[in-house]
Amino acid sequence: MNVLSTVATLTASRTGRAEPLTTVRHQHLDEKPFVLVPLTLAGEACAPLAALSGTDPEHPTLLTVRQPRNRAERFRFAERLAALLLAYIDGCRTETEPYTVGRGKEKEERLRCRRAPQLLVPNGEGISYVRLLGRLTRLRATEGPYAVDQSVPTLGKWLTWFADLAEFPDSGVLLAMTRLLAANWATGQSSSEDSHLASLLAWIDPPEGSDGARAAREAEDPAVWPPAGPSTDPVFDRTLHELMTRYDEASDGRGREAVGRQIDRELSGQMLPTWRLMWRGVELLRELPEGAHVPGRWALDRRWFSEYAEYLEADGRPQARRDQAVRAARRLARLEDAVTRYEAQRAYDDPLVMAEYELTGEAFTGTVTARDGDRFIPGERPGSQVWRPTITLRTGTDVRVDLAVGTEVKSPARPGQEARILEVKREDDGGHAVVLQLKGGFARKRTPPAPPGTLAEAGEELTYTTLNPTAMPSALPDEENTPWTHGGPPQPYEPTDEDAEETWE
Amino acid sequence: MAASLEELEQRLSHLRTELRGAVRARDKAETARIRRALREAEAAWEHALETEAEPNDEAFPVRLPAPQTSATTGAPCRTERPTHGSIPIREQVHQALTLLGAPAAPKLISSAYEAFFTESLVATKLASLRRDEERSFTAQGYARPYYICAALTHDRLVPARGLLALSTWPVERRIIGPLSPRADFLTHAVGTAEQIQRLTAAGHPAPDAAWRLLRRFALTIPGAYDAAAPEPDPARVIAAAHAEAAVHQQEDDQQRQAAAQRARTQLADVQQLFGAAPMRDALRDASGTLS
Amino acid sequence: MPSQQSEPPDNRLARLRGPQPPQPYTARKITALTANPACARRAVLDAAGVDKALLAQRVGYEPRFGQSPFALAREQAFHGLVKWGSYAELIRLLREQLSVPVAEAHVTDLNEVGGNTALHLRERETRRLITHVASGQDVRLILDRPVLTLEVAGQTAYLEPDALTHRIGGKFHVVLIRSFAAIDGQANPTAVAEAAKQAAVYVLALHHAFETAGLPTEQISHEFLLVCPKDFSNRPYGRLIDLRQELDALQFQLSRLRRAEDLAAQLPETATLDTARSADELSSSIEALDASYTPSCLSFCEMARYCRDEADGCASPARLGSGVRNDLPGIDSTRTALDYLDGVAAPGEAEAEAAARLRAAARLRRLRQGAA
């Protein structure tokens, strides 16, 4: 929470409509995302109850489990979900493109898929569901007394892959709609209230003639909008409990199937409103332009996808149950790097995000009032001279410039150009005059004149910041190693005694 | 004019939504009214189900995946058991307790019975059994060959909560001291295992439910279960149960004997079977039954 | 039979509640008491034993909590599983995970005493048995459903932990059986935290029992045993969890509850919290008690939506979350904050800095929003 979002929240609370927090969208939104609205049975670790899923808003596929406490039924559900999701995943692998990795002598050309799967779930609990379902299914045996269909552990490995990447903010393969929307809009309610999808959308997209605040409160009523799940509404569970008891006790196949249809209808009714909300969210997000770094990040996701798909074909052992200490530490370091990089990229792509850093003093904006394109200073080798132009930026009266002389900064306008603060002078009107020494970004020229566009003109408004999207803060080995650097090298399959577990009463 | 099955199902769904609304509003009168309407609609639906030909599957705007046989049939129905047997409940309990060999709770009695016999024995039906048996004994004395009676707590000789026993067992066998629940549990394990052995020896393989029951015992007795084996080994269970029982035996037997002696000297026949009177509120009972 | 709670005579809190019997104090209720200690409204309502769900409904805000029949069934089934076969699974767990020797298998069922289920009898028997065991005269592995008491806000609460065990390291441990799963050794942290808070209540009650009996309290462990399903199976799995932090927090919060009586004394004579009275009377009484609403109230307090509307009405910054509230130090209304933003009102000295930050942020938002 920063002051900018506080101001946005305050404004929203007055107008009754959500306020934008961004000018662009910082996540990739695929042409063909796979939307998943799952429901689970209350009280259990991961007892799938039902799901609506698919890539076509007009044609969701309904999956239901009429006997969710029955463990064989859970794995049959997984099989059915696998059929849908694995087909979608395979569909992403049809076209490939070349790309290069490494530099100089270590340069390598590889292939990655032109598409990658994108799984959209309603909320953070939906992401936990994906992780849990992955855990439930990826270690199952396909032979022996408790055998499951082959597609089940495959589904589990993929779900775990999605969930592992979801922890990285720069990855877009598994996203929660509430988080996506809340990243772009501030409502006039608290963030915990925002985790309710129907309420959140009521602020962002209020119905005709109503204000967002009122619509959001109405949307909290489970009688009006069934919960987005995976948890069901406890009062609805009473209906479900009754129907399922009838189903279990039905005396003939036809009677059972008829009750089963009713169960399906009730479950569908609980999920369809959320399904529609999901696609409305997709629509609203598509209306936002994409940030400049987004395709690059998605290209990385496509690379991880391609590599994992290949790994599954070649070796295919499932992810271990838990990260060992070393692997966990590396993963944490990678995560911290990713967060830093992602935040810097967001700021570079979006002036409204950069504004946060302007307030904290990590960035400042000013107008160019002077430039020296012919400046030389002594180089490292004795007697040599290097070309280092300068520009002078004049800031407004209230602008914070907390950065010390000698600080390295960059501008989103010219991300390839390094700059260093030479001088900061407080002016009479309260503003600052900042002299910046520039290095590089002159199309490889080492002497004046600077090619057009590479040296800022007088009157240009520029923002400089200490944020740097290309920095690699931690000293980790390159991502050239397997994407398991997000985790670690695969562990051999541990035979699990779960396979021997039986249902207790 | 009979409504179609589809229309009736829509009405049912609508009524259920209304019912939930009334429940949320805690409106008891409304809840009752809607429930009545729901029951009527359900009856109409069941009637229509019997008379209609084929149901319409394309009812709602979602696509069902290509049906797989496993998806539509689901898990099997609960296996049908004849509910009105020719065997009276007390005899069923008698057989189960004989098999188990020590005082047991209704749930275990029911599980053990249904593990080995085809008729059902619902645990809830045993709730009033002890009381009925006590009445019968009070009226008829030892007229019947056995009674389903109580187990007695070692300290106050009152009926132990939730346990049934056989009158043909000596008092010692029906005393519950601190180690007795565990000792009796081990006896139950042995009884179950021996019954399976008996059946196997006689050429009648024991039902799956019996093996499942044995497995529950085996998993909680040290050394009784070999994790690698697909099924528990009755002989191994018996050996392990005996081994642990030996550890507790001396102390447990001492307490049982002391309590049994007191029971014989202090309690009337009916109390020896069904326990001393429950403790009254000690704040008002000056003489008190606290030991 | 005496009522479950014993209260001092001529108690303002009891009079406010009226003829309705008081809500019993369970461990869960006691942990909720300490959840929002700043809230006078909740402190008085809970101390008075008012049925908050009914009260909320009476003033037009019926609560939306409820327990799913599936969750309930699962809880009961898991409890039943742990206790099946005379605690067979619990004993196994104690032996396998906590190295309890096989010879230790003594149990006592405290669900009833000599056939009588009265709470005070069970409580006395529990204390008697604990004394025997603590003094070495007797040995017990498991005490099933013991009854302990705790003085809370001037009332005696009867508490029933799932079990006590005495053979782990020679100390008494509270045992809680919960049906949320521990997957790969990790359970939902919120659920574990809630269980730990409840366990702390039981441990305090155990201390109370020891002190009443004149026993040294070193025998009470500061850890409790959490029993929950392992992974996706139903097999019970146990874990000892440290409670020292929760115990400190709980003791501190309980000591501050005495103020509920003081707060109640300040209400006008006409005030009432009797749920049978009119909605108007109830509303005006509730309004006379200061609430301390934050969005987290919605997850545990039945009156939360009432208080939320009230917070909306007076534009309380806390209603928008701690992030917003922290950015508005010294500013007690979001309307005032907006006035500062608009330049319509001038902030005082204390709020000047915050107001300046807000205005700077608002200016930047205006400037940067159009750019692309």
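The letters A, B and C name the chains in turn, as written, and every chain counts its residues from 1.
The working rule: a residue touches a chain if its C-beta (ideal position, glycine included) is under 8 Å from a C-beta of that chain, and two chains touch if they have at least 3 such contacts.
Being a predicted model, the structure only gives us computed values, none of them experimental.
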| item | value |
| --- | --- |
| Reference chain B; chain at largest CA-centroid distance | A |
| Centre-most chain [mean C-alpha coordinates] | C |
| Most heavily contacting chain pair (counted by C-beta pairs in contact) | A-C |
| Chain centre separation (chain B, chain C; CA means) in Å | 35 |
| For chain A paired with chain B, centre-to-centre distance based on mean C-alpha positions, whole Å | 51 |
| Overlap residues in chain C, where contacts from two or more other chains coincide | 64, 80, 84 |
| Sequence positions of chain B contacting 2 or more other chains | 24, 216 |
| Contacts with two or more other chains, residues of chain A listed in rising order | 222, 235, 238, 504 |
| Of all residues in chain C, those that touch chain A in their complex | 64-75, 77, 80-81, 84, 179-181, 183-185, 229, 231-235, 295-296, 298-299, 319-324, 326-328, 334, 337-338, 341, 357-358, 360-365, 367-369, 371-372 |
| Chain C - residues contacting chain B, complex | 1, 57, 62, 64, 80, 84-89, 91-92, 95, 102-103, 105-109, 111-116, 118, 120-121, 124, 138-140 |
| Touch list for chain B against partner chain C, complex | 24-26, 107-108, 153, 156, 158-161, 178-179, 181-182, 184-185, 188, 216-217, 219-220, 222, 244, 247-248, 275, 277-283, 289 |
| Interfacial residue positions of chain A with respect to chain C in the complex | 1-11, 13-14, 20, 23-24, 41-46, 132, 135-136, 188-193, 220-222, 232, 234-235, 237-238, 240-241, 289, 321-322, 351-352, 354-355, 358-359, 398, 498, 501, 503-505 |
| Of all residues in chain A, those that touch chain B in their complex | 52, 59-63, 66-67, 70, 72-73, 76, 79-80, 83-84, 145, 222-223, 235-236, 238-239, 248-251, 253-258, 260-262, 264-266, 268-269, 272, 497, 500, 502, 504 |
